[in-house]
Amino acid sequence: SNQDSEGPSNQKPSSTTESGGSSNSIISKIKTDKSLHNKLPSKIASSGVINVGADPGSPPDEYKDENGNFAGWEVDLAKAVGKTMGVKIKFTPLQFDSLIPSLQSKRINMAIGQMGVTEQRETIIDQVAWLAGNELFAARTDSSLKNITKLTQLCGINVATTRGSREQEFAKDVKDKKKCEKLNKEPINLHVFNGADQAAHSVTNGRTDVFWLGSTAVSYFVKQSNGKAKIVGHYTDKAYIGPGFSKNSKLSPLVKQAIQKLIDGGSYALLLKNWGLKDSAIANAQLNPTGTPK
Amino acid sequence: MTSRLVDVKHVTKLFADEYAVRDVSLHVDSGEVLCIIGPSGSGKSTLLNCINCLVRPDSGSISVDGELIGIEYRNGTPYEMTERSICFQRRKMGMVFQQFNLFPHMTVMQNLCEGPIRVLHEGRAEAQSRAASLLGQVGLGDKADSYPSELSGGQQQRVAIARALNMQPDLMLFDEPTSALDPELVGEVLYAMKELARTGMTMVVVTHEMGFAREVADNVVFMAEGRVIEEGSPARVLDTPSNPRTKDFLSKVL
Amino acid sequence: MNDRADNVTAAATSDEGGQLTPGLVPVKRKHPGQWAATLVATVLIILIAISVSTNPGFEWPVVGQYLFDVRILEGLLKTLELTVIAMAIGLVLGTLLALMRLSNNRLLNVLSWLYIWFFRSIPPLVQLIFWYNFAALYQTLKIGIPFGPSLLEANTNSIISPFTAAILGLGLAQAAYTAEVIRGGILSVPRGQFLAARAVGMPGALIMRRIILPQSMKVIIPPIGNEVISMIKNTSLVSVISFAELLYSAQLIYSRTYQTIPLLIVACIWYLVVVSLFTLGQSFVERKYRER
Amino acid sequence: MNDRADNVTAAATSDEGGQLTPGLVPVKRKHPGQWAATLVATVLIILIAISVSTNPGFEWPVVGQYLFDVRILEGLLKTLELTVIAMAIGLVLGTLLALMRLSNNRLLNVLSWLYIWFFRSIPPLVQLIFWYNFAALYQTLKIGIPFGPSLLEANTNSIISPFTAAILGLGLAQAAYTAEVIRGGILSVPRGQFLAARAVGMPGALIMRRIILPQSMKVIIPPIGNEVISMIKNTSLVSVISFAELLYSAQLIYSRTYQTIPLLIVACIWYLVVVSLFTLGQSFVERKYRER
Amino acid sequence: MTSRLVDVKHVTKLFADEYAVRDVSLHVDSGEVLCIIGPSGSGKSTLLNCINCLVRPDSGSISVDGELIGIEYRNGTPYEMTERSICFQRRKMGMVFQQFNLFPHMTVMQNLCEGPIRVLHEGRAEAQSRAASLLGQVGLGDKADSYPSELSGGQQQRVAIARALNMQPDLMLFDEPTSALDPELVGEVLYAMKELARTGMTMVVVTHEMGFAREVADNVVFMAEGRVIEEGSPARVLDTPSNPRTKDFLSKVL
């Protein structure tokens, strides 16, 4: 598993062609902040490595590219943070189920995996917000669905999402408040899959009608589907996404500062642009932003 | 006055190009007891198994009570029967094996009634009452609810005899019924068989018990290498054998 | 010689319940090591228990909170349901396949071999995905003449519900494994039993049902026990087709709350309960079949 | 009586190779149904093959493209490596547990029972996560006196590498299943063999190794074959702790490219190859042990 | 002139509160042959198994060649021996079972050499050459590379005898060595045993073959219900039994 260790640079991001240079060249230009580096916990400072656990099954957030190397916008941001702090980032591929235990067992210092920030999760782990995502709906190209903006439009249809997603809670909310019943419609028929690929697949083969997930994942899927799927709406309830740390970690405030530095320095915007995520950029990095629901 | 019950004509059976039974012909009249003796591997068991078609002969014919076993004529041509039809024919013949082969997961009573109830579709009461009287006859009236593992070898073999009899067969086949028994248990099984012979049951018995053959058999057949070497009354075959092989065998066994 | 005969006759003449001449009675071997080891083992187990129950990492309060959570209990029910149905399919189809494998009919033989080979090779996860996504490959199921008109046609997704897919994926694979076990069991019954049943005039099917299979149970039960216990846990694979059984129900909760370890413990507790009950039942059945 | 004796003597006097009187030779039963069925089955299999190979849903070109992809091949290697090591642990520890279960020593007996009960109950997924993250619960492994000073201390994460965790998670569970199978095998060897070996003066361990275990192989091999084949596919569970074996390698690719079905087919093809080779080896070994 | 090789004193063995052997005392002198006869369940096998400690007596002592079997004295107190120590004592006694119990996965030669090589740690060459000559003695010189399944029952039993002899025992124990054999195969095994007795081997033989006992035995013991009922020279016990139970048994068996 050592081959997963990577320096901060040496390969091109896979899916972008926009201007601003490749992610690697952007990252390589980032300057290390000595003061941040000096504040690092002694273990990390002495090893010069931050261990990042990443579930590589959710493109374009984090995945393995054609060469088997980690790629994705969260991967890029993590590398950029590492460069800012003057340490290497070592990625460990972990499925979601072992991400949190691995944080708790100190196997990894930081976990990425399109982890939404919620109050409940903040009681278990530290989270730093580095993106404000929204959600998209995708359906088969031949689907009659369009312009979904309200969740009540999903009443009575089969909706696919993944476990742990905010979407799960939103749907429950609709159900709990009996919003569909009030419209004399069946409730949302939510299918919760293990991974985005399985959820997306259930849409292409007609098992479900709508794939509902974070905008990054949905637009990536539509791009990969070779015209088999299309975007049929969006739900703009912005929510933060960001890496997780063990509770009261010494590292999380430093990462927050590093992100802020990247935002201020402009490389943050360049990196997000590379992945077509300009609209989701944030202006202020936050540690455990309070008041985020779900 | 007696009629031919079993008629074996030129039966041959090969196992992998080796003759197990080789052109054997013999017959048993109704009410007669035929004993088959001979060295190990001489084809005695195979011949017995051919009679109730547990082994299908390669050629030759066997008829029991005038009916061809395992063969049916269609448009004048003899065809092999289906296994299912043979099942019906076997019901007329009871068989007792050397190793008893009682069903170990059933009580003695269940062993006796399994065939009559499941195969002959008799009523349970009828089958059981006959079973009880048969168990009495072989001296095991009190063992109906025992399991085979709780019985001695001799008792098990007597149960096996009763099980075969409960199918009300026309013919009983015995394959070395006492050779897996302790010497002192042999007597009780032979006694049961003698009693059976006295009732007029037709029997074919493969045995090494020369005393039994001498006392009970109407005819004795000596087999070797798949053939019938010598046949005749017990007195003649056992006391004045004409064939040297018979003499040799008897000298070892007696 | 005579002295012998004499001294023995003396013993022989003493009556049935007569006094025995006491012989040498050696002191039974003591096993002080064993007692010490038992003590050490017991202490160790208690220590582990204390360590486990006091370790904050296990978050026992959270465990308690979710142990009887309705989602967990529903998942447990689904697990039991899937196990029972898939195992039933596995047993029935497996017995059939075993009989086919043992039959003299070449065709049945080869078909059974192919089935076992194929379904043991394909991971159950793939089978689940395949059955669930059958519609992607064959949008409609037709019954008809090859290359000719179809007689019956139906939308695949409407026929293969997620539940059907789960059952197919688990049950068909299980049949292949079960077939091998049952085949071994049938072969373990002495041939004499078969002959004896035949000699009573029993037809083949009856022999199997009444004589051979009951006796093969002794050999079949332990490995089938293994298979059932595997199945109880393998049902968690159906999460891949969004079917929430016990483990996935726990996973669904902790992927919201991030309380991974305590929720896995909740699942494990239920698995321990179910497996224990099953093992109890198994040893009961086993004893019944081993008695004779 | 005399006529009988006569006609038989005639037969008996013909010499060894003498002419047989030809008896009735019945016409062998034809099985036209069987031939027809074979034909139908063959046609069906061909039709399925055609349907599968022409269905665009299977995306055969993609299958071809990835079949020998280096990531897939590396995953395959990992699968084989894990299977071999975990199975080896399972066999060795399982044999030990089986012997403990069968020993007269009450302590060993209970310990073995507890082990089998526990490790058959806990899902392998949970065991993998547990071993991998043992450090969350026990940050340092100490060898020492309970409640007293520790003699040896080491960081858990440095001792339990992902590979160690994978091996522990799979191997320890496998040992529990294997123990049950081996126990059955040992019990199947006739007691006489044990007595005979004892009478030759062989001590217990030698009897097991030279006499009992070789003979129990016949009974052990088929269910162990099942277990190995299960294990080949169960290794895919280690993906949860960052270990990319065959199936997960395929999943990693299709989670990026969304070419789910063809990549699963790639994995299946390799599983079929591995299982076929193994089955071949198994039937070879099986024949060897069944010969006598 | 002869010395006591086996000395059985007041041996008692219970199985689940039932006496299997009940206060049995007997002895065998060096070079003697003792035959034990008696009905099934009379404890013959149990007694034999006590001698080489396959079964541990509940009370009583057995010594072979002056050495207590399965018992060791420590500080003047008799203790049960560990199984491991008993293994060493068993090496002086060869045992032949009713069911042969050859190791089916080994050739005849391997069967014979397993003990000498693995237990006595002899050289392979030495063990094999002695094995070859023993096989010659029992008339199986050409079967060294056969597997047990390829041999007849009589041949298997003779291999079992050779296997026991290849451990160079002081004493041979036989438990109904011929009773699982077809009648015509019995002779060859009894012949091998007679030859063995002629070489002066001390033997304890449980048997139902009265002819053999009469011809070969120096002493005959009749057991019933776990006790020795009668003992003496073969002529006395077999021809003029004094105990009614002996008479009854002999009348059934002869």
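Note that the chains take the letters A, B, C, D and E in the order they are written out, and that residue 1 is the start of every chain.
The rule we apply is simple: contacts are C-beta pairs under 8 Å (C-beta built on N, C-alpha and C of every residue); 3 or more make two chains touch, one makes a residue touch a chain.
Computed from a prediction, not measured in an experiment: that's the story for all the values here.
Considering the contact criterion stated above, the chains in touch with chain A and with chain B alike are C, D. Any chain that touches chain C and also touches chain E is listed here: B, D. For chain B, the chain whose average C-alpha position is most distant is A. The centroid of the Cα atoms in chain D and the matching centroid in chain E are 43 Å apart.
Centre to centre, using the average C-alpha position, chain B and chain E are separated by 37 Å. Computed centre separation for the pair chain C/chain D is 15 angstrom, with centres defined by C-alpha atoms. Measuring from the averaged C-alpha position of chain A to that of chain D gives a distance of 41 Å. Annotation for chain C: residues 57, 129, 133, 136, 260-261 touch two or more other chains.
Residue positions of chain A with contacts to 2 or more other chains are 97-98, 101, 104, 198, 201.
Chain pairs that touch, as defined above: A-C, A-D, B-C, B-D, B-E, C-D, C-E, D-E.
Per the touch definition, chain A reaches chain C in the complex via residues 96-98, 100-101, 104, 120-121, 124-125, 160, 163-164, 168-169, 191-194, 198-199, 201-202, 204-207, 244.
Residue ranges on chain D touching chain E, taken from their complex, read 190, 192-193, 195-204, 206, 210-211, 214-215, 289, 292.
Within the complex formed with chain B, the residues of chain D that make contact are 1, 4-5, 7-9, 11-12, 20-29. Those residues of chain D that touch chain A in the shared complex are 71, 125, 128-129, 132-137, 139, 156-157, 162-163, 239-244, 251-258, 260. Residues of chain E touching chain D in their complex: 52, 54, 83-84, 87-88, 90-91, 93-95, 97, 99, 101-105, 114-115, 118-120, 147-149, 163-164, 167.
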